[in-house]
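Consider the two complexes below, in which chain A is the common component and chain B and chain C are the respective partners.
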Partner chain A sequence: MKKLLIFCILSCWHLHALEVRSTLKIYHELFTSLLHTSHYRIYTDDKSLYTVFSKSSKISLVQNPSSADALVISKRSSLKHIPHTGNAIVLATTYNLLHHSKYVIGAFYWRKGRAQILFVKKRLLHLGISLPGKYRKYTVDAL
Partner chain B sequence: MHKHSLKYTFAIMGFLILIAFYIQYTIEENTKTLQRSEIGKANQYAARIANYIQNYTCAPLARCLDNSVANRANLNKMLHAFQTKHFINMFVLYKDTEGNFRFLLDGDSDDPAEYKSPFFPETHVFHRIYENGTPQIIKQHGSVKKVWASLLYPIRDNNKTSALLVLDLSKTYEKQIKDFNAPIQYIVRLLQLFILFSILFLGYIVYSSYRLRRSVLVDPLTSAHTRLYRKEYFEEHQVNAYDFILIDIDRFIRINDKFGRDAADKVLQIFVEYISSIVPKKTEIIRNHGAEFLLILQKSETDLTTFSHILFENLSSRKYLIDNHSVTLTITMCAAKTPKEVNSFYDMEHILDKKLLTLKGEGKNRLAVLNHISHTDIKYKNIDHVKHAIDNGQLACLFQPIYDVETMQIYSYEALVRIKDEDNPSNLVTPYYFMDLIRDSIHYIRLSKWVISHAFSRLRENPTEIISINMDLADLHNEEMMEIVQEELKSNKDLAERLIFEMLEHNEITDFKYIDQIFKKLKQYGSKIAIDDFGSGYSNFSYLTKLDIDIIKIDGTIVGALENNTERVGAIIKLINEMGRSQNLKVVAEHVSSKKILDSLLTLNVAYLQGFYLGEPREWEEYHPSV
Partner chain C sequence: MPIPIKSTSFISLLVSLLFSSATLTAESVDTLLNEFNQKNDTSQKTIDENKGHLVLYTRDRIEKMRARTLKDILLTTPFIHYHENRYAIPDPLAGYSLSPFVSNFVRVYIDGVEITHGWFGSGVLLYGDINLDFADHIELYYGTPSFENSAEPSYLTIFIYSKDPSQDSGGKASALFSDNGHTAQTFSYGEAKEDFSYMFNISHTNAKRDKIGNGTSTPLDRDYRRTQLFGYIKTESQIAHLQLLSKNAKSLAGLSWDATPEVSEIEFSNLHLDYAVQLTPQWHAQLAYDRTESEIRQKDDLPLMLMGPSTGVTDFSAKITTSAMTEELTYKNQLGNHHFLAGIKARQKELLSFSIAGVPYSTMPAFNQESITSVFVQDQYRFSEHHLLSLGLSYNHLERNGNIEDSDLGGLRVGYIYANENWSYKTYLYKIMFAKDPTALTILPPGSRLPIQTSWGLTQELSYQDEKQHARLLLMGMKEKNGLLTPPNLPITEIQYFSAMADYSYNFNSDDRFDLHLRYAQYQDDLDLQNYEDWGGYAALSNRFGNWELYNSLVWHKNTIDKTNYFDLSTAITWNASENLSLTLKGENLLNKGIKDKLYRFRPDASGSIMPIAPLDIPVTDRRVTLQMEYTF
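On to the complex of A and B.
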């Protein structure tokens, strides 16, 4: 019975590790494409994401949004405190947040079990961000 | 393990493997069929939902839903109502003017997609189906969480897709379908395991049998095959497709005695290796026993005579180094070309053995090549065939006439036994082939009895005829034989006086007293005694002084010599004839094979003549047409 329990725990841990790895991989690609650097300072208000990002050697987590290269926001309340004039790009973890704030240029979230990446063309243009070819298909004119 | 058993074992193993594959294939096909059936159901399910949506909205769907928030809410509820643990997601998409999919409806009540929020499918198949309007199920990959497959069902208005209904089938559903066959799959796994173990076990048995079989069929010392292998070999191969060479190393025991067993074994190994290097590729080498080897050669591979001589020369000149001594072996070898008619190896073995024995008797270190062995040679120099013929009454008695020159009438007939060939009864085999084989056996006595009985029955049928039968002088020492002869004479007292015993000899008579007593016993019934082949071998004039004889038959080789040397041979015959006449003996010249011989014998005044020129051995009826 003990062995079975250990096996179950190990299996769950393994699955969790896989999910962390795949999430990190997507964010790495996103940050590299948007920030044109291989090492980036990230601010996030999402605790679970914080844990995920902390496992990356490329990501430096910052507590102050103003010192970040990119912000990953998952709470509407956080949008009030973020600097709107800085160079940091703002990404959301839900469609709602993207819809809600014009300062959020894109979002990465899960819908119907599928990973969704979404960017708003006007907002990208406003910040002078040019997306690599592989992300252009995820851009929309209007939400 | 016999070759056939091996074949059957491999067939069983193959069959078991096939069964294992078949069961596995059946189970997988069954699962796929079940999946297809469930997907078919999903398709029907989607069709009903699409139909429902179309019935409760107007066309085009996107515009219609734009105008009615309540309607959207109702349809979302309806979709939610259709969702089950198998159909985890149900949503409706449409394509905007930019060609991006956006949500119209979503049955998810916990985390519903926002109306007209974009949706980027993981595959281009969504676009294709949207364009061609044909429903399709697509299997999802690992990147889509909890979804096994998605059914994409286009909702069409006026032959144009206005929306795409998506039904996501859960991974648990797939597992459930797979688990449907799980108990059978479990049994199949056990069965496969059993089959695997059976195959391993069979493999082990086959390997063990192979090792055992090899130890029995291959001589461990020389690596030549054993006699048992030879037996099996000719169960599967036609004997007449092969020629044979029998090789015996002369006095091999001397190598053993002089250099020891290990050295002798080494010599045998080298000897066989050397033969292997000389003989054609497909030749089988059998170690019969000791230092005797049999080579089985394919007929087409080589000319037997040439090869035998080469082999003999090579083997005789080969030197072996034993304990710093150079030793040469002498061999006796007999090669035989197998006639077409032969179908038993033992017939050939018999011929080879006999010939090898003869060669060894003649002084060893010899080679004989038997190129022209007749079928009769093969068959009737084998005791088994002769015994079989006697047991089955395949016997014939021919009669050759002996003429009385004075009357020019037939005086008597010599009874000559023959064996009728089983395969060709018109082929009558002469005693030349088989008599030596059976001489000291019960078969000889049985054969003799048959001839005597046959002769008496002819005499009974023909009251004026006289018949002579052949008897070996050695038979007179055979109590059983003499009992039979005397019994026959007793039973046919009235006929005995017309029976002549022609005595043949293979050994010199030493006890004349005993022989004379026997002759007297035979003659007391009135039978007469003739000495056959007089003038040759041991038959000499001393017989005439010591034995009570009635007839002498001059040896056929002397008579035959008249053909070329009339004067000298004629003088000898004249001497025998005059001496016989002076003793009141009837003198018969046999082997009268030409007119010249006949004329010479008539000139010499020989009273009785016998031979092919006067009358061949024939069936009794041929000389007695009225009978």
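On to the complex of A and C.
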């Protein structure tokens, strides 16, 4: 079925739309490892990700950050929600957001056109989160 | 010889055995990231399988090749490769031609907008070897492309797509030095804001090329200095580009019949502006403007190749300013299983100024404007989950001033695509017509009948793809009447072309990849005067070991003109010293056996006739070693 993509006529306006299947696979892996559950309530301020997440049977999109298990943020303005979100974990889609806020525990972001994953160990420990060993090479002690 | 598709399983086994030590067991996060990167490289973006037969250079592939210019890419492409003409101008179809530029069949687009040199036509003349620091990926479509993309007909369209700040925010600076004094520097910066993003890239190249001995104390020279600016700003529905290019070049043999010029220089300054807006999900509008100033200076002890050897003109200079304005309005809509597409395009080319010194005529030609109006319709009908039919029609009207007659060109394209999980098959039947570019028309004798080239073609492509490998067989046949490139002194009326390519790529894992293509092309005219065969291939292996990356490639060429096997061996090693800094040592054409072009020479005599003398061999690529540094911030 995925080969039906071959018939899609995409204009340059969709130049950097995300490929749904592989994007969901990565986020499912991240959420399962972080939340230890197979169904998650997610808040995101990113339009592209919202479209992708809406196609997942494991993700329930919520409009209110305070009722989410995890926030995935792309905008700096969304950082103001974080103090009111209780135990929700916060992931970012840019390195700058990860660097800028101590509440953001990790990021799945682009660098030089390639996707990267990075977690901050100190922030994970602060929330009592322990990631599987396979994430060791994607974790730094601090920023 | 093209390899049959069954051979791909054997090749797969062979390369697996040869390089099994490079195959690593990836951890699951690595695997997921690799899959994500691959899918986002190839499964979406701008790729449109119905545009034609695609050869794709992804960001990953371009970086592994350490390709810095479009020339580096076109040296490895099938069928139509990088060549320069006797003026050292990028001209992939130059062959033995003495003309300043003949590659109007090849068109170049940046972010979906054609770059054009108004009076000469294709922007390949200016952009055929541009610095690619701004580029994310490159799509080459062989065969007649979907009419959606061309205001003027073409056989090969090169689509360069720029990097996006949402995936490349921040800055980058790079520098290159080579053992022969060649240097290049680039700087770019991009940022994605909440409502818009922007990017700019500036590069400067001081190209040093090997000199070509011509039996005099002044060897042929093709050094150049080029400064290039690329920039854009875009929102969700609008984008505007600004591009500037300035090139100051030594022009090899130029107008010297016997390739012994005393002075041979060309300068170009090009401005490109465009703006596009997605008015609604169905309607798209686009405007583009190109303006090029060219200056040529030529001097020889013998009469120049200008108006025949009998004129006695030995010193010549000219300045030409031309422009092209292109407007487009396209409509797309999905109606049930039909994907309907229609549009109208208009292009106005103008010779803005023309001054010449050293020859008897110096006035502006009466023919200085050409307008092209193009309309097209196309329907793609998906009649089942796996099958798609497409039908496209186009009509171009070319209107010229100065008592030059108008031309009407029609186009037809019928296609069928089958695709399932792993296999795909596509075939196209097309008719396409070409007219001479305005520069060539200017020098036609008064009263000449304007030649129109008509080509009928049939192409077929069978491919197989799974998570590790991709294999393909591509067959193309074409019949051409009144070929524009046929020398006027030969009574050839019809030429048949046949070409075949087999390509194969294998990803051992995210770090190691093997690419191979083999191709064959045959050219036969109705009088058997200029029959020609061409063979070639490309093999490349790229590996990564921790912070080290290796790239090795071999390009092979052979044809029936000189029957020599040419091998261009290149190798590169990169050390990623940190997240931000990388160093690359690259050797190009290391064996110094890369392809050479023939530069034909003639000796004019006092009677006004010319006699051929031994041609010169001009290496397309110099042997050199470069050190490249790249820093991101």
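The rule we apply is simple: the second predicted complex is superposed on the first by the 123 of 143 C-alpha atoms of A that agree within 3 Å, B and C clash if a C-alpha of one lies under 4 Å from a C-alpha of the other, contacts with A are read in each partner's own complex, and residues count from 1 in each chain.
Please note the rule applied: contacts are C-beta pairs under 8 Å (C-beta built on N, C-alpha and C of every residue); 3 or more make two chains touch, one makes a residue touch a chain.
Values in this document were obtained by computation on a predicted structure and should not be read as measured data.
Of the two partner chains placed by the overlay, only chain B lies in contact with A:141; chain C stays clear of it. Contact with chain B, but none with chain C, is seen for A:118 once the two complexes are overlaid on the shared chain. Shared-chain residue A:99: touches chain B; no touch with chain C. Ranking chain B and chain C by residues of chain A touched puts C first.
With both structures placed on the common chain, the touch criterion links A:21 to chain C but leaves chain B unconnected. Contacts of A:110 after superposition on the shared chain: both chain B and chain C are touched. Overlap of the chain B and chain C interfaces on chain A comprises residues 96, 110, 112-117, 138. If you check the complex, the residues on chain A that touch chain C are 1-19, 21-23, 25-26, 29, 75, 77, 94, 96, 110, 112-117, 134-135, 138. Residues of chain C that touch chain A in their complex: 27-29, 32-33, 35-40, 43-50, 59-60, 111-112, 136, 161, 163-164, 166-169, 194, 236-237, 239, 278, 284, 332, 339, 341, 380, 382, 385-386, 388, 417, 419-422, 424, 632. Here chain B touches chain A in the complex through residues 89, 91, 98, 100, 108, 113-114, 117-122, 143-147, 166, 168, going by the rule given at the top.
Those residues of chain A lying in contact with chain B across their complex are 95-96, 99, 110-118, 137-138, 140-141, 143.
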